[in-house]
Amino acid sequence: MKETYINQLEANQTITIILLVKAKDVKSKKSGEPYLSLLLGDKTGEMDAKMWDNIEEIEGTFERDDFVKLKGLVQIYRNKPQLTIHKLRRCRDEEVDFSDYFPKTSKDVEAMFAELLEMTSTLRNPWLKQLLEVVFADQEFVVKFKQAPAAKSLHHAWLGGLLEHTVSLCKLCRLIAGHYPEIDAELLFTGAVLHDIGKTDELSYSRSFNYTSAGQLLGHMILELEFVGRKIAGIPDFPRELSVLIQHLIISHHGEYAFGSPKLPMFPEAQLLHALDNLDSKYEAMKGILQGDRNQEGDWTGHNQMFGRPLFKGSSRNGYEPDKDA
Amino acid sequence: MKETYINQLEANQTITIILLVKAKDVKSKKSGEPYLSLLLGDKTGEMDAKMWDNIEEIEGTFERDDFVKLKGLVQIYRNKPQLTIHKLRRCRDEEVDFSDYFPKTSKDVEAMFAELLEMTSTLRNPWLKQLLEVVFADQEFVVKFKQAPAAKSLHHAWLGGLLEHTVSLCKLCRLIAGHYPEIDAELLFTGAVLHDIGKTDELSYSRSFNYTSAGQLLGHMILELEFVGRKIAGIPDFPRELSVLIQHLIISHHGEYAFGSPKLPMFPEAQLLHALDNLDSKYEAMKGILQGDRNQEGDWTGHNQMFGRPLFKGSSRNGYEPDKDA
Amino acid sequence: MKETYINQLEANQTITIILLVKAKDVKSKKSGEPYLSLLLGDKTGEMDAKMWDNIEEIEGTFERDDFVKLKGLVQIYRNKPQLTIHKLRRCRDEEVDFSDYFPKTSKDVEAMFAELLEMTSTLRNPWLKQLLEVVFADQEFVVKFKQAPAAKSLHHAWLGGLLEHTVSLCKLCRLIAGHYPEIDAELLFTGAVLHDIGKTDELSYSRSFNYTSAGQLLGHMILELEFVGRKIAGIPDFPRELSVLIQHLIISHHGEYAFGSPKLPMFPEAQLLHALDNLDSKYEAMKGILQGDRNQEGDWTGHNQMFGRPLFKGSSRNGYEPDKDA
Amino acid sequence: MKETYINQLEANQTITIILLVKAKDVKSKKSGEPYLSLLLGDKTGEMDAKMWDNIEEIEGTFERDDFVKLKGLVQIYRNKPQLTIHKLRRCRDEEVDFSDYFPKTSKDVEAMFAELLEMTSTLRNPWLKQLLEVVFADQEFVVKFKQAPAAKSLHHAWLGGLLEHTVSLCKLCRLIAGHYPEIDAELLFTGAVLHDIGKTDELSYSRSFNYTSAGQLLGHMILELEFVGRKIAGIPDFPRELSVLIQHLIISHHGEYAFGSPKLPMFPEAQLLHALDNLDSKYEAMKGILQGDRNQEGDWTGHNQMFGRPLFKGSSRNGYEPDKDA
Amino acid sequence: MKETYINQLEANQTITIILLVKAKDVKSKKSGEPYLSLLLGDKTGEMDAKMWDNIEEIEGTFERDDFVKLKGLVQIYRNKPQLTIHKLRRCRDEEVDFSDYFPKTSKDVEAMFAELLEMTSTLRNPWLKQLLEVVFADQEFVVKFKQAPAAKSLHHAWLGGLLEHTVSLCKLCRLIAGHYPEIDAELLFTGAVLHDIGKTDELSYSRSFNYTSAGQLLGHMILELEFVGRKIAGIPDFPRELSVLIQHLIISHHGEYAFGSPKLPMFPEAQLLHALDNLDSKYEAMKGILQGDRNQEGDWTGHNQMFGRPLFKGSSRNGYEPDKDA
Amino acid sequence: MKETYINQLEANQTITIILLVKAKDVKSKKSGEPYLSLLLGDKTGEMDAKMWDNIEEIEGTFERDDFVKLKGLVQIYRNKPQLTIHKLRRCRDEEVDFSDYFPKTSKDVEAMFAELLEMTSTLRNPWLKQLLEVVFADQEFVVKFKQAPAAKSLHHAWLGGLLEHTVSLCKLCRLIAGHYPEIDAELLFTGAVLHDIGKTDELSYSRSFNYTSAGQLLGHMILELEFVGRKIAGIPDFPRELSVLIQHLIISHHGEYAFGSPKLPMFPEAQLLHALDNLDSKYEAMKGILQGDRNQEGDWTGHNQMFGRPLFKGSSRNGYEPDKDA
């Protein structure tokens, strides 16, 4: 763990710190001489920094998404720290602990993955079980699956977020399958496991979160169709009818054409998968917005673009919560 | 229970049967003489009937939504029975068992209502508990609440359907509150109990299902606001903040302006109430459509207007259901 | 009346002035020391102000929406005045004349209200007359009704604006009822009086204009339903059919689901109320935009967000106005 | 006036009557022989008719939209008269009184037109006055203007309906110009006179109402632009700026792109013209629907396609109309 | 070729004819006895037929989509032939010439396919060339590709229609690539060849045209992704970047989310492929509608559902066509 | 040609240069004294400039859209040049070469216009030929037609752009008319020539590109209807049917109500004109966006507002372009 984080800096300190370069610009002073303007970050925040002198030799030694070790003077402007850089050098990845730099799930990744394997192991439909086992046996995939966020922003936008959302959705599917016992619980569960796995390739997340070119051009639904298709092709005699149902679950789970689903849910398990994915994503997004705003004055967040409305922070703050007055 | 139902009739029988008048017309034969054309029904279906002679004295003795006792000859045309009426007289309501004539929940109404009271009795927030107790103590309301359908058509469109949908939603809310423990489970539960109770007055359902004038002009959300407002007014010192949250839960539960919600869900419990109400309504509607079509040939229903697409009947009919090959 | 207003300030004056605090921030100089950054206003405009020194003792003595008495030096930057504050103290409300600080209707509030009472007094339907009399007898309501704006922005967004818009709409309704004599003029008039009265509680306007929490969660239509419902409950034997019509007039007056009407106008008076409310609001909004832009160069306003288009200022400026060449 | 109208026919009469041919088909009996199937009408309704024998010589002597004199036997089927034709011959237009065959305004056409001229004569803007005088001096136009309906269906869909709607709109514009004295009342009035005059060519209405090919391909707004453009071209030195305003009033009066306005109202007079045209059209449409349904049982019309909802017939039928209990 | 087609039948003939069964119902006479009601067709049209007697032994011997040989009496009703069946037996497929029964392209299928191979042979990009060669070497695919219609209805809805539309689009792409020489003509051509090939499996067309279950659940875009993916997997070292571009061309070619494209065109070749596919489909659809209506009276088709408007038949029928007055 | 362009300026130069004034503001220094803030431009870009002293006598001598000759010192800030003005005087238009200041088509205007005349000369329909000849004989129009851009921004937004787009569209129409030989090629070509000519008056482009008041109020479609109408009126006996078709081609060419077409394409030539205009506009817009972004890092442009998505720059940069590896 790092010794100092951005949110701990105080004015007029001289510090030494390793940070991630999030943006890098060479600009001109009024005299015409170049200076370096950087946006630096760690998991606690971001900070502007300038290096005014002797930047010619250093400017070409690092790029955006590199780590750099800096020495400089901290000042505070509009409540935010700024750094005047005295010295700077690029670091190798080995010198840093990635978890100091990227937002990450607060849950235990290995425990969540084990939970998923455990749920999978109880399947009785041999084809579905075999398919998920083959997927989870793909080590290259599993490494990415444990790391990927569930979205670039909006909900579960942190390392491990894809796994966290997947496990939450799988559990919701099992609850709902208990409530509506006539549905095919295992088909629904399989859809939940697979519904977003293409995000491992749609997004890049080794440094900042972004879309890959393939992700932008095809989207995670098409990418996971490809991936699942290859896995199914490797299972002899996998029933065509079943694979069509799985493909439909995948491509219909956004539930609306406008959100990129080329087909809308056409059977109960597809309808429920869409409804529960939507419920979990929107709930976590709302929760995140309210938490991010909890230190702001007033009972209302500002107008939220995702929801198209302001959100109310006061539903659990009025003295009538039953669970707390026991 | 009746001796004969419409779906049991065979060609060339002469029968005596009591049926509900669903439509009544006096038409003219080519000769200019009047005859009677009726649409008759019981819980198993509908049937056309004609009375050709001597209708003057009988024509004014009954109306739509009356029960009539008929004697006549059954014929089959395009696979549907038709009746040529020989004799007809109006029946009093006491002569019939209503459950023979109206679709009705297959569940035990009293057991469901007891379940609701039981869930209510566990509330710890005294205001919410008192509010629901006052609601359930209103006998005039309870009688209607046990009888009303949840919709004119689409989902739970049968006597007792409102109660059935309400209980299902309450249970879903409790499952989801277990999954997201940070929410106010009792506020969500209260919203679930109250969200559709205005349907007791929005619809008329003592005979055929229809909208009342007040229901058409105001809708069930406004009607239940009025009703809940009166109940709250009777509870001394009921906190204004809490009543505003309850009112918001009610008016936002359709989740979209286009579906008549004047406000969209602005806090997590409102968001979840909308999502789960939507999930339960759409799931039951889809289930109903598939069941209604189960005897039709082919894997697909026709284009369904509510969903805007055909539905697939084959998701649980392909030999790979895990629960059945154990 | 104040001696000096913001729109009269000149560069390089040292002034003493009382202003309303519209925003308050404590920021850091490059040295790390705090300074005070304020947005101040009166009814003629807004102005930035900075206090650079000795702010520790003064910073905690006032908040947003307080009045403060300031001494300082005026400078002009980009055609707008700025203030460097030398001295500052909080004022009590009694020290100021509110009308100096808030935009206010240019019409006579008492005269408009008298006009409304006069129109009401001519009603011949005893129920409608009694209802409006009860409403206007509620002093707590009347105080707010005379003060409230008709909207947070967009149209009639000034103190007294609700009353001004209401009177204008009532007169329009009477004109139109003369044009279409077959309609129920008194029902339409009653709808016009009541259609926006919930804005007295939807908005806060004792200082800056904003939504209340109840206003945001429920909207003025639901708030006025509650209010009118209470008044009707106090009138013995008020006909249920008539109260349903009044409720429908209220909830349908926005005329579109997307604007928060849970029901659309279903009878002629409701249709006309919506059409005339829309006409008056849009006309006044357009008039306000054109007036606000009248000193800007050119025949066009910029793209206007409410109308989704630029507006033309030249329709009455081309030398062919008949009324002026007489 | 005719001696007999369709809505007076009784069963088993043999009648002689002149009717308009609204549809004409030659069909085959089972034997392969041809028979004639007609839809006939007058201003009171429509009726099916068949001619079974000897149709070869008569079949080619008349077409749709001709008048025919018929002798035959009336029968009643499903409450509607039917005619078995014994003899038929085509009539010349001179043999009939057109007003017996086409729905027509109940108002006095010449009086309405005089009212329009009178309002025009008071204009003080010389350009607008001259333009309208030139328009009303075009006898070919005036003949059509007095005859045309305001729409193929929906509102004012009867002979003289265009004039009736135009006069109503002109009066509304004058009322509203009194209410908002700052607007250019004469520009608004001119827009009202001209806004729909292209309907004289968009529709064909000498027999049944329909679109002309030019009307379908261009619409009345483009047709009236052409017409007004020709009239303006004939007035020396007509100001270009004024003609652009008039053109804008014409093309923006539908108020929405989706209703064929290529530009939306961009100044107050255009905004008001659109709002009042919309108000008058929708009000008259709603009135027509309610009147057409006044003999149907129940308080509700069926679902109305134009409004997208059922309409309530009871707003003036509940015993609380002030004007009637005086 | 058949001796007799439906559109040649005359009244009162006794005929022997082989037709395709398009619908089959067993109904009841008033007496309760069953009779057979069929819809029969060949490529020239459809015809109702009834068999009244002795249907018990024949009823189970054939199904919808079978061919039957019939003897019976023709009658004409409402200008359409009807058949009273005297004798009926099922035929084997070998007894008929399919081209007598199904609408089929008027072009030479083998010549069109050769044209496609010829265009493919000129490709210089080795990967694209190899991919298309592999596709065209798949005999199972090619058989279906030569037979499939381009749509269930709307445009090119005939056997061979898919090939016809594909060739037309390929040629349009080559014309446009000549006009905009900077684009990658071969990438665009490849997209054109592959854009609809999934229709070979989305539709069933061996008898009547319909959707397959996989077609309904996945759509032709997903089906062709699968197919193309398998072909690419068989080409060693096919560049991943190129396959992503091809996949994007396929999934974006509908150009709008609402038409099932999960991604919208993001580079020029994708934009052009969408525009030209749209142009060819809409043009051919419009041409088909106008041709289908060419014998109807009047200059206008009825309201067309696909285009949402009536179409004008007169654009080339007004005596001013330059090509004809030479 | 100018000696110096904005994109060639270097830091710390003292220069003398003539530039176009694109915006002009008088602002106040902190001292209250005025200074001049200008936005200056030539065809290579834009630059901020300040004049700090003695501006009183110079400030009133020039306006926006004037040319000024400046002497001053160049500095570079954030990679963009800034000018501190020492001397400034207004220039007369004759002192400058307009082509130094405005973006202009890279094609030869006279050659393009000759191409258009040449294509026109081959028409065989005498009416269409005569109409276009009359249009091209209008010298006042032709001067503007050779100069106008095709749009204010988005596509072909440069001097000569309207002609460039028109010629491109005419050629596309001829290619497509070859592909679909059954259409009326000359009607389509005439539509292509005329479809945007109203842009000569909708836009102002003698200096910066903008909408005229008539352009904003009426749009280019209405303006060209007027213009074409006048030309047709001058041709004796021009067939009314043909002029209606031409008017329809003009007003329907945007293809959607939302884009200002009051009628949608109703015959094949109108459908094709719309499709090809759309194809050419969107293709050129996309090409322009990609070219404007070609020096930016990465394979993607930012989110593009016109297309509603980012665009991919890599479709022709992956080493598999067939045309280049020959």
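Just so it is clear, A, B, C, D, E and F label the chains in written order, and each chain counts residues from 1 on its own.
As a working rule, contacts are C-beta pairs under 8 Å (C-beta built on N, C-alpha and C of every residue); 3 or more make two chains touch, one makes a residue touch a chain.
Here the structure is a predicted model, which is why all the values come from computation and not from measurement.
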| item | value |
| --- | --- |
| Neighbouring chains common to chain B and chain F, by label | A, C, D, E |
| Repeated interface matching D-E, over half of the contact pairs identical, chosen among A-E, B-E or B-C | B-E |
| Equivalent interface positions on chain B and chain E, same or different at half | different |
| Comparison of C-D and A-E (more C-beta pairs in contact) | C-D |
| Between chain B and chain A, distance of the C-alpha-averaged centres to the nearest whole Å | 43 |
| Set of chain A residues in contact with two or more other chains | 213, 216-217, 241, 245, 266, 310, 312, 314 |
| Topology of the chain contact graph, where touching chains are joined (line, ring, star, complete, other) | other |
| In contact (per the touch rule at the top): chain pairs | A-B, A-C, A-E, A-F, B-C, B-D, B-E, C-D, C-F, D-E, D-F, E-F |
| Parts of chain E lying in touch with chain F, wherever the complex brings them together | 123-125, 127-128, 168, 171-172, 175-176, 178-180, 182-187, 239, 241-242, 245, 264, 266-272, 275-276, 278-279, 282-283, 286-287, 290, 307-316, 318-323, 325-326 |
| Complex contact set, residues of chain D against chain B | 11-12, 75-79, 299-300, 310, 312, 314 |
| Chain F - residues contacting chain D, complex | 213-214, 216-219, 221-222, 225-226, 229, 240-241, 244-245, 247-248, 251, 257-263, 266 |
| Chain D - residues contacting chain E, complex | 27-28, 30-32, 213, 216-217 |
